[in-house]
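Below you'll find a set of structures to go through.
Look for subunit A in each of the two complexes below; its partner is subunit B in the first and subunit C in the second.
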Partner chain A sequence: MAEPTRIRTKAEEALANHFAALDGDDPIREIRATAFDAFLSKGLPHRRIEDWKYTDLRNLMREAPGPAVPAGIDDARAALAGADVFDGVDRARLVFVNGVFMPSLSDMAGVAGDIEFASLNAFLARGGAVLDRFAGTDPGESPILALNSAFVRDGAILRVKDGAKLSRAVEIANVFAGGKPGLQTMRHQVRIGRGAEATILETFSGPDGVAYQTNAVTEVQVDADARVRWVVAQEEGAEAIHLHMLIPRIADRAVFDPFNFATGARVARAEIRLAFEGEAASAGIRGIAVARGRQHLDATLIVDHALPNCTSKELFKAAIGGEAKGVFQGKIIVRPDAQKTDGQMMSQALLLSDGAEFSNKPELEIFADDVICGHGATCGQIDEDMLFFLRSRGIDKSEAERLLIQAFLAEAIEEIGEEAVVSALEARTRHWLGAEQEVLSA
Partner chain B sequence: MLEIKNLHVEVEGKEILRGIDLSVEDGTVHAIMGPNGSGKSTLSYVLAGKEEYEVTAGEVLFNGRNLLEMEPDERAAAGVFLAFQYPIEIPGVGTMTFLRTALNAQRKARGEGELSTPEFMRLVREAAQRLNISSEMLKRPLNVGFSGGEKKRNEILQMALLAPTLCVMDETDSGLDIDALRIVAEGVNALRAPNRSFVVITHYQRLLNHIVPDVVHVMSRGRIVRTGGPELALELEEKGYADYVEEAA
Partner chain C sequence: MPAVQETIEQVRALDVDKYKYGFETQIESDLAPKGLNEETVRLISAKKGEPEWMTDWRLEAFRRWQTMSEPQWARVHYPKIDYQELHYYAAPKSMSGPRSLDEVDPEILATYEKLGIPLKEQEILAGVRNAETGDGLDGEGGGEYGSGRVAVDAVFDSVSVVTTFKKELAKAGVIFMPISEAIREHPELVRKYLGSVVPVSDNFFATLNSAVFSDGSFVYIPKGVRCPMELSTYFRINERKTGQFERTLIIADEGSYVSYLEGCTAPVRDEHQLHAAVVELVALDDAEIKYSTVQNWYPGDAEGRGGVYNFVTKRGDCRGRNAKISWTQVETGSAITWKYPSCILRGDGSRGEFYSIAISNGRQQVDSGTKMIHLGKNTSSRIISKGIAAGRSDNTYRGLVSAHRKASNARNFTQCDSLLIGDKCGAHTVPYIESKNASAVFEHEATTSKISDDQMFYCLQRGMSEEEAVALIVNGFVRDVLQQLPMEFMAETQKLIGISLEGSVG
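After this line comes the complex of A and B, so read on.
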């Protein structure tokens, strides 16, 4: 129940109106209503809520546009042409524009025999099994999740078959098109079958001048012995608000390596909530964030070790310029049964200007005794001695700085271990640094 | 080529160089010897343009230009090179990427075109071979995992590629075994030319057996206290620096 005395913010009020205007004839109406009530009872999270201490969404999200209008095919195609981060990577593609699946822009060639796919919308229309899956996540625990369940429009229901070794990567492209602000809400549910091997790319992009919002929740079930690389590239438009949760559950001996690459949006929160639900599984959880101007980029991570013999390695790097703000929150939980857990978390930030800011909150919650866990954090500026060395060889200051920032970020990117993906992200980083020149010397 | 007049330099409020005068003509090799802490590295850093050194008096002219007003990268493009006493490791920056960026940056600053990849590769391979630097070393990040001697050879490789006109070498010989010393000295001697000068900073005379200087200076407590011919190096080898340390004390 909402506290009767709490005054809603303008954005909360707008969300309530948008929710009331949703189509009443909907197979998941009940789920939506429960979720929205859960959201409204607490409202937008703010700095006095521990999890949101450094990302005061109540303050950062003043407006709440209504559900995005579906894009026409020409607009959609034009917007998709700009979503080219992984053009150098051999990949199949599932395309969502303004939160709606676009079959005519999608391409499953080369993997069609190894996967099953349906759009969430088609599932919703039939009611059916998806309802149970939705019920499995409690919207009360996260405002992103609650809003997602309340407003979800479409998503990918994707299954990689047991034992399949995908010959190409699969990209889930999330693109915003058109010049009108809107909210796009996607829920992707992916299951990687037993012993399957896959590289999944999740991309987000949109126009710079439009104050649109993205709310995307991606649930991943990784079955036993599967091996998955999961790379999120967030290159939203400069005015966008981007809220994303990646929720992987990992079975016995599976390997799941997510990477979060974030350069876009005015405000972004990328949450990874990863749970080991089997033994002897491992996850290499890494990411980079580069921000400038007045961007606010938050990477939040919860790694839940519930069973023995699992390994998680976390490495997050941020390069923050201008007046931008970076946030890293990383929590490793080791439950009483999770003996022989190996968890190592590292966060490193490079501040590129006097106005840049970085908040770092590593946490270990350990309830088992036979574990190796640790965390480290650094936050500093470009090394003056390295800079001088490069300059003494004739490399000018901004180029030398670029080389050093690139080197700093590359250390994380290279861990992805798949050359085409690595070079795509390195090229993107170089591109970003090229545009960053004036901020660096400020 | 290089004209240093009455140079005074402070670090953190402490005067390190206390009136250096030094004149290096085209095509000559000057050796600077002196006890530890006498200010040799400070002089080399000031020539290369390191920020934390504050010049409180004097001037430095490089081919008639005021060197002290130039940025470190401008000095490099103009032909100044410092082989560092302690070459720095730069993780994540590939040695080849670094060499190429440096070479092209200098070419660009001088209004020359960039080198093509095959031209660049050929230049590096030839220079590396002469210095006994393996292609495996070139694949690593700059100086990462290099031994002390490898780092020093890598400095000379950069010097050979960038072809400066003023080479300042700060204790390039320290940490080198006798074979490596010979290789480095041969590399340096191959670069000797009528329009190229060297300032060779060393603590020991043995490097000067291989790179024979025209002039030898002794530095003590931030000043050049004696100047002579190659025989001065031999004298120092015999007597050590005790005289100079005491004289200055």
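After this line comes the complex of A and C, so read on.
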């Protein structure tokens, strides 16, 4: 103990205690310990850590509940009934409740022949290697990842076979059930085979009024020529803390289009770290965030162009009301060999009330000269002229505002390009706007 | 000696980096012993004949500095600076007692002439003639404004060697003098404003500067006065292993206007030189300050040996209603630049502007940008930044735009464009945009690209050499910013851009 001991926060202390109480016979005990040490050496990230400048987790995460107790089947079923964001979408379903796979609630009809699936837990029982199967991400560099490795309990190990064209979307539903705060930790590892086509939906939901926490890391390997739509819908409960990392690696000519829809949780950080590992691949990374009350929603994005001829387009929109805070951090890295890169990033925020805040940090880090890269960022309130235009046509103020916000958000949602998913998310934003307006007019 | 100098210069001219200000002036200097401690601070203060309050102020800064650590967040890399290996004070020996041009060492005058700043000639031509005809301001003074008459404060190593046009400026009520003199002659103004924009413990380098600054310019423009001519400071580091720590304080009282230019060069040296300046601007109600910099410190050679570390804190405070501060900078020199001229838009309706051209070549590292902090209502700001990276250099724009709760109707437009020449350099953009007011409207756009083949082909086909073509295209790229520069600087800057990029093609 040559290092000076850092004073731990209450939450860090609690995490240390929870970690110490984990099962001693765990076959991946060592991996967990390395990861947890990496976490503890730096502690919860705070505003002086550049990546967390706008999301001071040390301040926002005061409590750290222990690992969630697995839910009984009835509780799980009831909780799942509330997780209906993609109800109108034809989909197969893998259900995780409180971080544990629930086979009886899952349904793989229609895609079973194209997919290989196992729960991570089954692998963990046999030892650790599986965890670093795709990872290679150093737990020391991300506190989310370090905590995930330390506490992970289960996850989906999913492989879409080479050349398979999935006839239905596949949802990985992550649900929190029960009235007692707990930490659910999932690690999903998905591989999309060569030339395969798939739509994957990743959903998060849970009860309002329970201060539970979610830590989910999703690694995706996209093989050559595959085409993937990946839609994350985060509708966690109002007291929840949600930390999520999506780590896609994309091979030659593959197309990977992730979308992040964020509306839930008291504090949420959705991080996408996307790396091009092949040439001529492309990614359309988009998302919307709608926040109210005292919510804090953070969308962080790192796009790493290491090879030539790749294209990335980013579009992020946020509508922030109440005293909520929105954060967008986006970084495009173009490494020396990544010639002919086309990288475009746009972030737009609408502030709906005087107490709302938005922080925007779009970054370019460019080491290759034959590239076209750009970013734009705007922040403001609803355009008075547009509002006037609508009102002069007899539309009342609140209706006009709603239309404008909806149109603003729809620009990003429509890019998903799959009708059922688009209309599901649009319905969700309309619902949100209706509720937001009641608050505004009250 | 001059013959030798000429030969050296000619040889230098053949060098890859073509730094034409790299000569050294042979002159006896009065050097403070190496190292930094309370004694050094006291020594500097004593050399300047400062009152006790100033000495205490410096000592306080020094004590704070000892508790601080060097900032690490910028995208610049350099070996650790040994602060005990530097001289913190260097003055030409002949400089003592009151000064007029006649008393200035001819070697120094020659230096400035070589740099294209003929201190003497200008004073005689313009100053004397004015004195003869007797019309100071209202006669031809007004008409001649902007047509080349510039009052110059020349700073050589740690001291100001001469300030021209003092008398004529005094007629208008303008105070323009070395800050060391101002501390003695106008203590009430200095005490009121010094450190009020950049607090003593603002950052590591600013605190160091507060402890050991030796000279710089002080400007006070009284109420309602439009300064009759451009003011200018010319900085020259000459001595070996010295740090230059100058301090500039400009106060524009209600309704006044001043345009201030700053230029800098240093001789070619193998070792690095440290330059840590602090510039504070205060604009009161309806006042306007235009501050232009052409920074051409020695950038080091093509392998990154030598060159100036330019770690500068520049900040303007729009303290009054409808005040305006405009920064224009052309950064072509320095091995490392770490510089963020900022505006605090405190007064309602105040306005901040930042126009920047940053060119890096060889192994230069630039991390520069601005901060626009909107505090008052109806404040607006505009940022135009053009970064050009060539060779093995790194060029980063880092900027903050923030609107606080009460900054209703704040408005910002930011455009930062980067141009890459060659595939060994890097161009980075790191903007921070923070809005805490719904009625604030911020727009930001950034692009990075290379010189297009079409443009090059067009120029080459018309018989231009590749280097000429690059210089022309780059001059077009930075035109928006060039236009903000005062006339005299514009032509020089265009040439400078050509020189800086030499050796970057092929």
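The criterion applied here is as follows: the second predicted complex is superposed on the first by the 427 of 442 C-alpha atoms of A that agree within 3 Å, B and C clash if a C-alpha of one lies under 4 Å from a C-alpha of the other, contacts with A are read in each partner's own complex, and residues count from 1 in each chain.
Methods note: contacts are C-beta pairs under 8 Å (C-beta built on N, C-alpha and C of every residue); 3 or more make two chains touch, one makes a residue touch a chain.
No experiment lies behind these values; they were computed from the predicted model shown.
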| item | value |
| --- | --- |
| Side-by-side fit of subunit B and subunit C on subunit A, or clash | fit |
| First (subunit B), second (subunit C), both or neither touched by A:A224 | neither |
| First, second, both or neither for A:E50, with subunit B first and subunit C second | second |
| Partner chain in contact with A:F358 - subunit B first, subunit C second, else both or neither | second |
| Which superposed partner A:A368 touches (first subunit B, second subunit C, both, neither) | second |
| Partner chain(s) touched by A:A377 [first = subunit B, second = subunit C, both, neither] | second |
| First, second, both or neither for A:F408, with subunit B first and subunit C second | first |
| Which of subunit B and subunit C A:D396 touches, first, second, both or neither | first |
| Residue contacts on subunit A - larger count, subunit B or subunit C | C |
| After fitting on chain A: smallest Cα gap, subunit B-subunit C, Å | 14 |
| Subunit C-facing residues of subunit A, complex | 50, 53-54, 336, 339, 349, 351-354, 356-381 |
| Touch list for subunit B against partner subunit A, complex | 48-51, 71-73, 75-77, 81-82, 84, 87-88, 90-93, 97-98, 101-103, 105-106, 109, 141, 158, 162 |
| Residues on subunit A engaged by subunit B in the complex (per definition of touch) | 384-386, 388-397, 399-400, 403-404, 406-408, 410-411 |
| Residues on subunit C engaged by subunit A in the complex (per definition of touch) | 73, 405, 418, 420-450 |
